[in-house]
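The structures considered in this document are given below.
Next come two complexes built around subunit A: one with subunit B, the other with subunit C.
Let's look at the complex of A and B:
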């Protein structure tokens, strides 16, 4: 009954629990603080990619009123507004996530980390909703 | 119960070194069986060449930690019933460490980092007059108490993303130890403990993912200890002490 069988050769194989496997032994940790980190990192990367576009649009103002106005009229499109709201959420997620980390690192430890994470995310979503309410 | 009617677990066990592979064994399922019981059964009844570590079997010594179904766990206090979904287990050595053989990870670097983090008590230069009195309610004593029960099992180190990204990072256990010593009012070189962890791969490298806290089998919170070190290092730097 106990004859062993040789299996696949990866040290981390994914099966449930709160640890997920993403190929090649790379693991993701499935708990709120980890997802808060993922959100913070992704929002940071997207914002870094957005910044050059932002500066380009600002530079249009130097080249002439017409080009800037043409671009700004494009942003009146509802889909663009929605994208802007998403960008706003990302910005707010990055800011509130950063404030959360500063609180973790420079204030005495609190055991309600999940509440802190939820508050940071909630504030970011409210900021996005407020932007949408004002912009539309 | 006869052998024929006994339920069996399907257990995939890592065999070999870093470039080894999983070998599947079938082990009888028992009531109140721990993961360590399963490993011991395989080694004693099926394949005596299986290498693994254990000592106390009661969650005190920290030697039996392994990767169980993708998570680092202490196997002596982990019941099969709580982790073996569908009667399947996968057992591998702890991550973030080289593999010596089978389920035995090489913990040399882990313990070297304790030394690099200056994780030992430094006696004061002058002999204390009588016993040092440290009131239990003292904030420093309470901070040290919160981290002092570490059993060096290496689970937090295996769970840490920063250790995986930066092999020089001292890791949660060594930093937690440094924090307990920094808060030990009898220690003769408390600033020395801070200096040892203030560098690039020290406390400031922590991203506060809190995996260490999530996985510590003793319920300790190394993330909080590391955050404490960050504050202490920043404070000492601003005061010109570092």
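Let's look at the complex of A and C:
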């Protein structure tokens, strides 16, 4: 099956009548920009679903410190801590990936895209590792 | 939705992202700082209660996140499911209003 590809240098678009190829031979679903898109979308969906629960828990403080503390004690569970760290990574992934998107859309330095993807992922993982190191 | 409104929605998504970026950075640093030695309601409230700074910062955070999240959800649903049109627009507005209501309630509880 012929799949569309993208890359740094434009080589062929529909050459041979059967292959949509825009660049150095990499398939679209094997390109860093594709995985940046997938990560941005996935993290965005998870964060949108998490927000109402986050707000609900924080609002427990209305009912008194004890009510909020009762919930916070649940977060001592290692699996909850791990989930929180994962959320932290997703938040950082979404932020850094979003900054990359804004740079791609509004700034003229598009050749830096792949470097930005690596920086975004690196910064997100550092945030998650820092959270986990301190939380556990 | 008209092309003009769609453009405004696109712009709102980008502007809310620009507002959120520094707020998320502050939030991540604050969370990592706050969880040292465990997290308690007293510790959280001692930092946030009566604070105009944290109230304003998280109030802005809620507003931008509600706008950004609802537009993003509308985009994802519109691209990945058959659901689109006015009912999806209405659901996105309802999601934004719901997030704002819950978010401002949480900010009020903490400040």
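The criterion applied here is as follows: the second predicted complex is superposed on the first by the 106 of 136 C-alpha atoms of A that agree within 3 Å, B and C clash if a C-alpha of one lies under 4 Å from a C-alpha of the other, contacts with A are read in each partner's own complex, and residues count from 1 in each chain.
As a working rule, contacts are C-beta pairs under 8 Å (C-beta built on N, C-alpha and C of every residue); 3 or more make two chains touch, one makes a residue touch a chain.
Given the structure is predicted, the values throughout are model-derived calculations rather than measurements.
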* Asked: Should A:105 be classified as contacting the first partner (subunit B), the second (subunit C), both, or neither?
  -> both
* Asked: In the superposed arrangement, does A:135 touch subunit B (first), subunit C (second), both or neither?
  -> second
* To do: Quick one: classify A:60 as touching subunit B (first), subunit C (second), both or neither.
  => second
* In the superposed arrangement, which partner chain does A:37 touch: subunit B (first), subunit C (second), both, or neither? -> first
* Looking at the overlay, what does A:82 touch: subunit B (first), subunit C (second), both, or neither? -> neither
* Asked: Can A:45 be said to touch subunit B (first), subunit C (second), both, or neither?
  -> second
* Which holds for A:125: it touches subunit B only (first), subunit C only (second), both, or neither? -> neither
* To do: Could you give the residue numbers on subunit A that contact subunit B in one complex and subunit C in the other?
  => 101, 105-106
* Over in the complex, which subunit B residues touch subunit A? Could you list them? => 3, 8, 12, 14, 19-27, 45-47, 67, 69-71, 83, 85, 88, 90, 92-93, 95, 99, 159, 161, 207-211, 214, 221, 223-224, 227-228, 230-231, 234
* Structure fact -> Interface with subunit C, subunit A side, in the complex: residues 41, 44-45, 47-48, 51-52, 54-56, 58-62, 65-66, 68-69, 72, 75-76, 88, 91-92, 94-95, 98-99, 101-102, 105-106, 127, 130-131, 134-135
* Asked: subunit A touches which residues of subunit C in the complex?
  -> 14, 17-18, 20-21, 24-25, 27-28, 31-32, 35-36, 38-42, 44-45, 62, 65, 69-70, 72-73, 76, 98-99, 102-103, 105-110
* Which positions of subunit A touch subunit B when the two form their complex? -> 1-21, 25, 27, 29, 31, 33-34, 37, 101, 104-106, 109, 113
